[in-house]
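Got a structure for you, written out below as structure tokens; questions coming shortly.
A, B, C and D label the chains in the order they appear, each numbered from 1.
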Amino acid sequence: MKWSVVVSLAMLFVIAPLLPGIAAKTRARLTGRRGAPVLQPYRDLARLWRKGAVYSRDTSRVFRFAPIVLVATAAFAASLVPLDGQRAMLSFSGDFVAFAYLLALGRFLLVLAALDTGSSFEGMGASREVTVAAFAEPALFLAFVALVLATGNLSLGGALGGPLSQAWPGAVPALAMVTVSLFLVLLAEGSRVPVDDPATHLELTMIHEVMVLDHSGPDFAMILYGHALKLALFGSLLVGTLIPRAALTAPLAIAVLALGLVVVAVAVGIVESVMARLRLNRVPQFLTAASALAALGVILLLVG
Amino acid sequence: MPRVVELLLLLVILTSFIVLGTTRLSACIRAVAVQGLLLGLLPLALYPGGSLHIWGLAGGTVLLKGVILPRFLRWAIREAAVRREVEPRVGFALSLLVGVVAVAAAFAISRILPLPERERAMLVPVALATVIIGLFVLTTRSKAVLQVVGYLILENGVYLFGLTHVERVPFLVEVGVLLDVFVAVFIMGIVVFHINREFDSLDSTRLTELTD
Amino acid sequence: MLLLALIAVPALAAVIAYARRTPQWRATWLIVGALLHLALVTVAWVVPPLPLFKGWLALDSLGLIVLTTVSALFAVVGFYAVGYLRRESPRGGRAFASYLLAFLAAASLVAVSHHFAVLWVGLEATTLAVAPLIYHRHDRRSLEAVWKYLVISSVGIALALLGVFFLATAQAGAPSARPLVLEDLITDAARLQPAWLKAAFIFLLVGFGTKMGLAPMHTWKPDTYGEAPSLVGGLMAGALTSCAFLGLARITQVAVAADIAPFVQPLLLGFGLLSLVVAAAFLVGQTDLKRLLAYSSVEHMGLLAIGLGLGGVGAYGAVLHMINNAFVKGLLFLAVGNVLLPARDGTPPGVSGVLHRAPVSGFLLLIGLFAVTGSPPFGPFLSEFAILSAAFHGGHYWIAATVLGLLAVIFVSLGARVLGAVYGAAAPTGARESAWLAAAPVVLALVVLGLGVFIPRPLFQALAAAAGTLGGWAP
Amino acid sequence: MILFFAGITSILLGGLGMLVWRRRPGLAAWTFAVLVGAGCALAVVPAIQVLAGGAAPEMRVPAGVPGGDWVFGVDLLSAFFLLLVLLVGGASALYGLEYLAPEARRRPVAATHLLTAFEIAALALVVTARSAMPFLMAWEVMAVLAYFLVAFDSEQADVRRAGLIYLIGTHTGTLVLIALFAFWGQFAGALSFDALAAAAPQLPAGGAMIFTLALVGFGFKAGLVPLHFWLPGAHGVAPSHVSALMSGVVIKMGIYGLLRTVSLVGPPPAWWGWLILCLGLASGVLGVLWALTQHDLKRLLAYHSVENIGIILLGLGIGALGARYDASMLAVLGFAGAALHALNHALFKSLLFLGAGAVQRATGTRLIDQLGGLERRMPLTWAAFLVGSVAIVGLPPLNGFVSEWIVYQGLLQSATVPPMRAAVFAVAGLALIGALALACFAKVGGAVFLGRPRTAATERGREVGGGLLAPMGALAAACVVIGVVPVLVVTPALRVGASIAGIGTDSASEAAAAVGPALQWISFMAFGLVAMVGAGWWLRRVLLRRRPQVWTETWGCAYARPNPRMQYTAASFAAPLVVAYGTVAGVQVTREPGHFHTHATDVVLDRVVFPLWATVRTWALTVRPMQQGRLWLYLLYLLGALLVLLLYLAFRAGGPGS
């Protein structure tokens, strides 16, 4: 296994928490506030990591397993993405499915954990989480289909690694649409505005935040980290689709990825500052739009 | 002697008409009795100097259709303390009209049919007419006894047709047929008797308990 | 000689049974007569009997099949009757056994007669023999039932007689032939006058159809079966209809021989389908169990007619279905009888919980339900399969589709009612089911199941031969 | 074959033992357990041999009825389904022993066990029968016995109703199957499958008729939308081990039938493949949506059977299209995916039903919103149920993922075959199905096992006995093993797929070579995942060892005293999705202040089947006046008939034959 794969993976693990920080900072700046320092997430993680834990009497093992599973699945999903631009650590035909379903496993456990507390708020959050996911999933898969059609390759590593660069010239509009829909999916999966608002303070309007209300200490740290990692993953998918880096040398590719991720984070921050959060019953339409875009891309690729 | 035959056949039709036209039960039964006698005579007229077969047939017919069955029917209605009118579902005049039409139709039909022997040509239409009249009586008369009468007329019609080739249908069968008719009417009579007892009426329209 | 014995034995037994004073003896003679008859039939399978009276009486494979069916069913019903007579002694019960035996004699006459007039006589005799049995309860309902039965079937049979005479007339073209004898009719079928033959067929169809209970001549059936004691109902639905079917099959044989099949086929198919439709319509939401069975019988008569009409494998299917129908109907009527015995008068609409009250009968009802609706592995499945294959083979897809649709509707109706009766809350009643009464339907159930998984070789050959004479063949 | 029949005999004997020793339940139970277990073990041997590459045994029995010899045999397809039948059947039967024990006082339990044993035998015969007659017989016996098993609680009206609806559904299907073979038989000399297959080329329109009839007939059994209307009721009210048997095995016979038809006739017409694909999507999406609206745990599981049948059909459709367009790889993948998912679904669905049964035993209710907090009270059941849930949602590292992954493979690869590229859109559908299933089982797991008990009865719930846990454990183990070492079953499944597509095993090995590395990676991933989670758990223990751990109330957002009734109900949990997709699924949602309600009745049943029957009924009742008891009318009918015939005579007198 080439060193670059390991390094790129490590890089992702390291900078993952940075992205929420950047997003928040951008948002604060654009709304005329100074905002928390970019490295704030690292501090939070460190603090939480050192804390003890508070558990509800109603909770069970599921509640304590969930954070671990979340991180583990995110990490494995990361190993399927060709971060150095050429190859992924794990790559097999149809690993798209594995990618999506690993993240789903993490979500499943997290939702169960939320229901485990028996708190109506967390139940509500869990319910919204699965709803959002149910609408985001088709969009994601359609994007994958588009990549398969564009590259004729059935694995993330293969598709994003090699042939995509050749595919772009032929299919600019299609792939552009796919990129956009991937971005929308990223906003949803990363529980960002306009789907969710990490900065809100009213439980009734939260989705992800309210779902993890009861977690504390290291557990909560893992959840935060896992969530950031998820964001980074979708970010790297986005970057990988937009900027095929197979041609570049490994270090350059990794650097481009890091830069791209930062850009994505900034973009997220900009969206958050210019858009308002959607009413919950509008979220499905938003994500259906994402699916529609991806589907359009697929159609274009089919006929073209 | 075709003349006699035709005369007898005309009489048969007339008796049927009587059944159609009369208002009194007893008259109907008498008419059927007469019809039975006529049927008994017909073989002799058809096959002059007939064999034992013919005589036996004639005798049996006269005995059963002319004597026993009418007697029996009278017995069956004797206890009935109800009015003896016919009360048809179709008026007498119309019934008679139907009778006439039936005869006409019968003749028309037998025109089409390839008939066996010409000299008995009239036998077939009369038979058909009788059959039709019998069915008509069966369906339009509400009194149980009259339905038996109708059945008898129907049977007579069939029997008339049977006469077209007595020599083809052997004696034994004729006897079997006669016996069956006899038993059938016999049982019907018993049932009529019971109907009288159960319902104090001969009116079979009361028998409408069994429905879906 | 054997042929004569087949008729004489039950007749004699009837007389003796009537002469006997005690019910025990009458029951005994009923059994004796039935078993002797069955024995004679068995002999007839081994040594084919010679024709009698210049071929008026003869036993071909078709007749033999009908005869066997009737005889076997009668034997079982006879045993049941013994238990029945112990349970309740019908008024005029003295003659009960005799009437039954007389019916057997008449049915045998039908089965062995190759002369249409004789066949007619026998058929009429069967009609008359069962009439008193229907009326045994001597109340208004049974009175009405027997009255309608008598009038309708007598009219029908009278028309059949006319048909017989027409047939004789049609034969005028062949003076050398023995009049109305089946063999001769078939051998010089070519010289029959088609017009008269067709007329004869029509009248015989109506006449025998009335006795079979083909719609729209079926109207007496629900009333009669509903009121008659269930064993009589079983005998009528099983044996009497088989005799009537034999009559129809006979004239069909002539028609096939005279190749007027194109004329005959639509009639049979039409009546068959109409019967199916009517049966389905009246089965929907039917609550009275016996009337239910009556309409189911109409349905199966329709299937028989369709089988005959389709020809080919259908003929085989029809004959086989005749056998199956006889035993299944027997089974169902006896089972229902056991269920209803406690409730003397007709069917209380809300029969339910049989399975708790009378487990055996309940179980038998279930078997009967699945058998009568043509589910594998019961006998009727095989015959209905054959009929269906014939429909497909003849390219009558729409007929096949209609039949299947109607069968589905019929299954829903039957299933809803019978299962409703079998399951559910048990109506409190102390009636225990006696071994006598339970044994008979069990035997029938075994027969039905047996015929579903195994058709003995001789029977199959007989079926094939019978189908052959009906212009068909065996699969 | 000897082994097979020996096994079947032993199973039947086990059933009969129940009857023989009904006075001595203990002994009866032992004989039942031993004989049935041994029987399943024996009969499964030939299946495994064949799947391992052994020769396919066959046996001819001279038939007692027309239609040619009765042939029984175990080829790859049979073997695969035989495996499924015997594994799940055995587990359910054994589970039944203890499950029904409490009922013994009130009901003829022995009879039920007897029927269960016979049902298993019938199922085994269905998949091994090689000619139409024994097939149809075994088929109907299977269906009818299943009815009796469903009607176990026949005192309750709803059970009787559900049973009747099931019976109607299945019998209608059987009628269609009878038509199928009656039609097919016209082109073949005999009714043995070989003869039928040989006659396939003569079939008109490429066997369009056959495929249509098969789709309807077998579709009723498989419970694909819209022929599923009988399924939720029947599987809901049956005793749980029966539900497991039915949902796990019996409905798979429909799939078996479809696969068998394809393998006999050969590549089906393209429209059929597309139709199957669409039906698969419809069944999958609608099934899971309807499941979301359910309040009854077992009805919910039943609707998930509809969903999974949909997933199976997706595979089947891809296989059919692949076979039609000579894309051997796709054909193999599709059929293999279908077969494999059938097996997996059998495992985890029966596992889930058995778990539901345990819950019902422990708490006496199936209503989701009355349960809760059972994780503490019945941890082992919960563990098993969780395994089942993760599997059915199709998540790694369990078996559900493997088969869904293969189906995905097929769908994605259809992009490489021009005529069937449109099939790739099904990927989105399958993704949606997966996400919705996740939501649904989050709801179930959360509402039933997690949080706090919602009723006193649930509060009292205790873990069930070993007799119930052991079968669940076995099934769960099977799910895990397949998920972690998929190659065990995928390779045989691929060979099965090749045999269905009627192409040599070389293409199977080709496909195996194609998916081989992926399978290794999947195993690796599974192990890695387990290892990582384990490591994480250990790390967490280390971290928290000497740190304060506070145990307190759930944080109610500053609300002091939360109580169980305040928990989010399952209905509310599903609400957003139900509302969003309600129109698609035809589900009515009613909101009153403080009360939220979703209708859990079946849409097809209410909007199609019942109205249809009502129409038939009204038509039927319109002719009732015919039978008014008026004799003269009856005679008029007779005369009318005669008259009509005479007219016919008059017209046809000049016709043919005169």
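The rule is short, and it goes like this: a residue touches a chain if its C-beta (ideal position, glycine included) is under 8 Å from a C-beta of that chain, and two chains touch if they have at least 3 such contacts.
What you see is a predicted model; the values in this text were computed from it and never measured.
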Legend entry - Per-chain Cα centre nearest the global Cα centre, belonging to chain: D
Inset, instruction - Taking each chain's centre as the mean of its C-alpha atoms, give the chain farthest from subunit B. - result: A
Legend entry - Approximate Å spacing (C-alpha centroids) for the pair subunit B, subunit C: 31
Inset, instruction - Indicate the whole-number Å distance between the mean C-alpha point of subunit B and the mean C-alpha point of subunit D. - result: 69
Inset, instruction - Return the distance between the CA-based centres of subunit A and subunit C, expressed in whole Å. - result: 77
Inset, instruction - Could you tell me the distance, in whole angstrom, between the mean C-alpha positions of subunit A and subunit B? - result: 100
Legend entry - Of all residues in subunit D, the ones touching two or more other chains: 624, 626-627, 629, 631, 635, 653
Legend entry - Residues of subunit A touching at least two other chains: none
Inset, instruction - Would you please write down the residue numbers of subunit C that are in contact with two or more other chains? - result: 144, 147-148, 151, 155, 159, 195, 199, 222-223, 282
Inset, instruction - Please give all chain pairs that are in touch with each other. - result: A-D, B-C, B-D, C-D
Inset, instruction - Under the touch definition given earlier, write down the residues of subunit C that touch subunit B in their complex. - result: 115, 117-118, 120-121, 124-125, 127-128, 131-132, 135, 138, 140-141, 143-148, 150-151, 154-155, 158-159, 161-162, 165-166, 168-169, 171-172, 179-180, 193, 195-196, 199, 222-223, 226-227, 282, 286, 291
Legend entry - Complex contacts: residues of subunit B adjacent to subunit D: 89, 112, 135, 138-140, 142, 147, 204-205, 207-212
Legend entry - subunit B - residues contacting subunit C, complex: 113-114, 116, 131, 135, 138, 144, 147, 151, 154-155, 157-158, 161-162, 164-165, 168-170, 173, 176-177, 180, 183-184, 187-188, 191, 194-195, 198-199, 204, 207-210, 212
Legend entry - Contact set on subunit D toward subunit B in their complex: 624, 626-632, 635-636, 639, 650, 653
Inset, instruction - Write out the stretch or stretches of subunit C touching subunit D in their complex. - result: 144, 147-148, 151-152, 155-156, 159, 194-195, 198-199, 202-203, 205-206, 209-210, 216-217, 219-220, 222-223, 258-263, 267, 278, 280-285, 355, 370, 373-377, 381-382, 384-386, 388-389, 391-393, 400, 404, 407-409, 411-412, 415-416, 419-420, 423-425, 452-455, 460, 474-475
